[in-house]
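The letters A, B and C name the chains in turn, as written, and every chain counts its residues from 1.
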Amino acid sequence: MPTIHRRFLAESHYLSLYAQLVGYGFRKHATYWGAAAAGAFTNTVFGVLRAYVLIALWRARPGLGGYDVTDAVTFCFLTQAYIGPMQVFGGGLEITQRIRTGDIALDLVRPAPLIFWSLSEDLGRAGYLFLARSLPPTVVGALLFGITFPSDAAVWPAFAVSFALGVVISFGWRYIVALAICWLRDDRGIAVMSLVLTTFFSGLMLPLTIFPGRLGTLARALPWSAMVQVPADVFLGKAGIPGALGFQALWAAVLLALGALLTRAARRKVVVDGG
Amino acid sequence: MRVYLLLIWTWTRAAARYPASFTLMTIGGCVAAGLDVAVIWIIFHNTTTLGGFDLPEVMFLYGSAGLSFSVADLLFGNADRISQHIKAGTFDGMLIRPVGTFVQVAADRFTPHRAGRALQAAVVLAVALARLDVPATRAWMIPVMVVSGIVISTSIWALGGAAQFLLTDAPEVANAFTYGGATLTQYPLSVYGADLVRGVTYVLPLAFVNWQPGLFVLDRDDPLGLPYWLRFLSPAAAAALALVAVYAWRSGVRRYRSTGS
Amino acid sequence: MIDADRIGRSFRVRGRAVHAVRDLSFHVGAGEFVGCLGPNGAGKSTTIKMLTGILAPTSGRVTVAGLDPSRRRTAVAREIGVVFGQRTTLWWDLPLRDSFQLVRLLYKVDRVRFRERLDEMTDRLGLGDFLGTPVRQLSLGQRMRGDITAALLHDPSVLVLDEPTIGLDIVSKSEVRAFLRELNTERGTTVLLTTHDLGDIERLCRRVMLIDHGRLAFDGTVEELRATVPGEASIEDVVAHLYLRSPAPRTPPPRPGEDPPIATA
């Protein structure tokens, strides 16, 4: 049998395992409901502050970046809603701690690939945080400022897919950052750099559509825009759906492939060379 | 205070032993702070005024608030790790030492990388002042407002920390006030709703970090028409909030020692 | 040195009051070496926390070197050294030397005294080779010796140790014991330790207190402890016997002047 077929059969054998891991990730985070509520509160407060600044800007320049004021406010609260599920500020993965303690060696010799194992747990985490941390800021934003909802029913499923792809891309990036610790003595520096890149280039601080010139073009091509800006544009109906989803799928594939390569290198380093 | 300075010096020397990470963190801190400026730059790339204030005026408000906040964050920002200390049991270890808990928490694992942010804010403030041409009759307020702002920001960190004695599992709530306060004061308060501005004037006195004294320095009318004398109240507001913060922190420690949780 | 006068400590657990310690009275004189035994959850650690100022008692009064730890926490901290066997009070990422430096600053020990004391301690405990090692890379035995050093740098008159020998191998254990014995006999430091290891009690302590269900169930010398159960061969058997026969949580506390129920057995 060709290798690819054997691999596929082996992988599909693990599907029920992955499904269980998704459930496990969901339940594990559900026990920290206090932390999730605090996060939702903080995301909402920042949403309100950002909304005022964006309103002031759009009052001065109506129609800026192809958004009207309501679009800008909607963008603001949607992006605040992504912070939890997409873990925009970094972290959220158990492997960071496992690498630090050396337990990662145990994970790397398991038959199920570490990257899918972690991804499944992370999807469960994102699922719970979507309920706990995404809905509250959106509802408060709608009540305080009024936000726009898609008029075309076809947008909703496209948005769901785009949101899920955003979570996968965010996972791919955080996984790479986490594995980098295998080669670094101290992880705080890279965590700060990741935070800076993600918050600025994802569209969390300002919509990427108003970034000027080449900076804007660059920002819109990078993977971080696929995490925040693109799903928001799909929701607002500002992006062609096939193009947006294709762009996200491409980055998801690239980051996961990079992650798989790094996992192999990490296995060689940790298991074969003994750390 | 002497103990505190000696402690942070020891931690600084310890941090310098990992130069790669230390450099990345310092650069990261500068870049993170630089991004706030980039955001303002992008905003003013698209408009000439924000909330009725032009670029140098906004830079002045941003720089003065940023300087106050980042100095407080550098020196005392670690106070928001208190819930981690409680959960890990290291807070017990602090209670057996003959030094105040706030000093110990603030100094614990101190790293100077946040100094980059303070430096960046100071540069922005200097650039703004060079373009504003403030006469000495109003410029005297600038050091007063920066020092008051440091005291107010530090008090908010301490209050955020004190709240974590109650909300040990939900420390993120404090961020809404600490980092939220920093974000709020970056822009002219005239962009926010009137109720929000009254709240940060009369309840949580964030308006006294840079807004009210800043209006005096810039010689501007209050867009919300609040009383003129509020502009001189920053030191009083800072002192009052500091007292509240000291009381809250002590209550938090007392509560910890009387509930054992 | 340590006086506990009918101290009690209750916690609220899901709305119900749980008494971790009740009506506990004892006196430890200067220069004594006292071991504190008791099953898991008996209230030993809670008692240690009340002596060190981490917890305030809900009733009664405790003084250490004449000071009330719940009111004068920092003054008591200067008089007392504390070691937790289960977790370190050192800083995980720092080399031992830096941890000691931080302790020096916290206790305001002057540089010369600190040098002398550190040299003496590293010499006695054989820490010289590990001073540059981050605490997280130390073995448990090395870490414990580091913790003991840190607790003694300010030369306290009382040393309180919560399970200092837990998890240590035989060699580390006997080194720690030898050190504590010397500390007590040569410097006259008062030592109070809790333990599950009866070897600690037999080799170190002239006096044993047995805490069970938050009460003092026995207080006397090791010989007296052994004599409570005539015919039992080893001290393990004696203590196991006492644990099993100790009073149920709801029986009233013994009145002063009355023999505790177990000692009459």
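The rule we apply is simple: a contact is a pair of C-beta atoms (placed from the backbone, for glycine too) under 8 Å apart; a residue touches a chain by one contact, two chains touch by 3 or more.
Because the structure is a prediction, the values reported are computed rather than measured.
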item	value
Overall pattern in which the protein chains touch one another (line/ring/star/complete/other)	line
Remotest chain, chain B as reference, centres from CA atoms	C
Centre-most chain, if every chain is reduced to its averaged C-alpha atoms	B
Chain pair with the most C-beta contacts	A-B
Between chain A and chain C, centroid-to-centroid distance (C-alpha), Å	49
Interchain centroid distance [CA atoms averaged], chain B/chain C, Å	42
Inter-chain centre distance, chain A versus chain B - centres from mean C-alpha coordinates, in Å	29
Shared interface positions of chain A, touching two or more other chains	none
Multi-chain contact sites of chain C, meaning residues that touch two or more partners	none
Partner chain C, residues of chain B touching it in the complex	3, 6-7, 10, 13-14, 89-90, 92-93, 95-100, 104, 108-109, 257-261
In the complex, chain B residues that touch chain A	18, 20-25, 27-29, 31-32, 35, 38-39, 42-43, 45-51, 113, 167, 169-173, 175-176, 179-180, 183-184, 187, 191-193, 196
In the complex with chain B, residue positions of chain A that touch it	32, 34-35, 37-39, 41-42, 45-46, 48-50, 52-53, 55-57, 60-61, 64, 184-190, 192-193, 195-196, 199-200, 205-206, 210-212
Contacting residues of chain C [partner chain B, same complex]	9, 11-12, 46, 49, 52-56, 58, 70, 73-75, 77-78, 80, 82, 84, 87, 89, 91, 93-95, 98, 101-102, 105-108
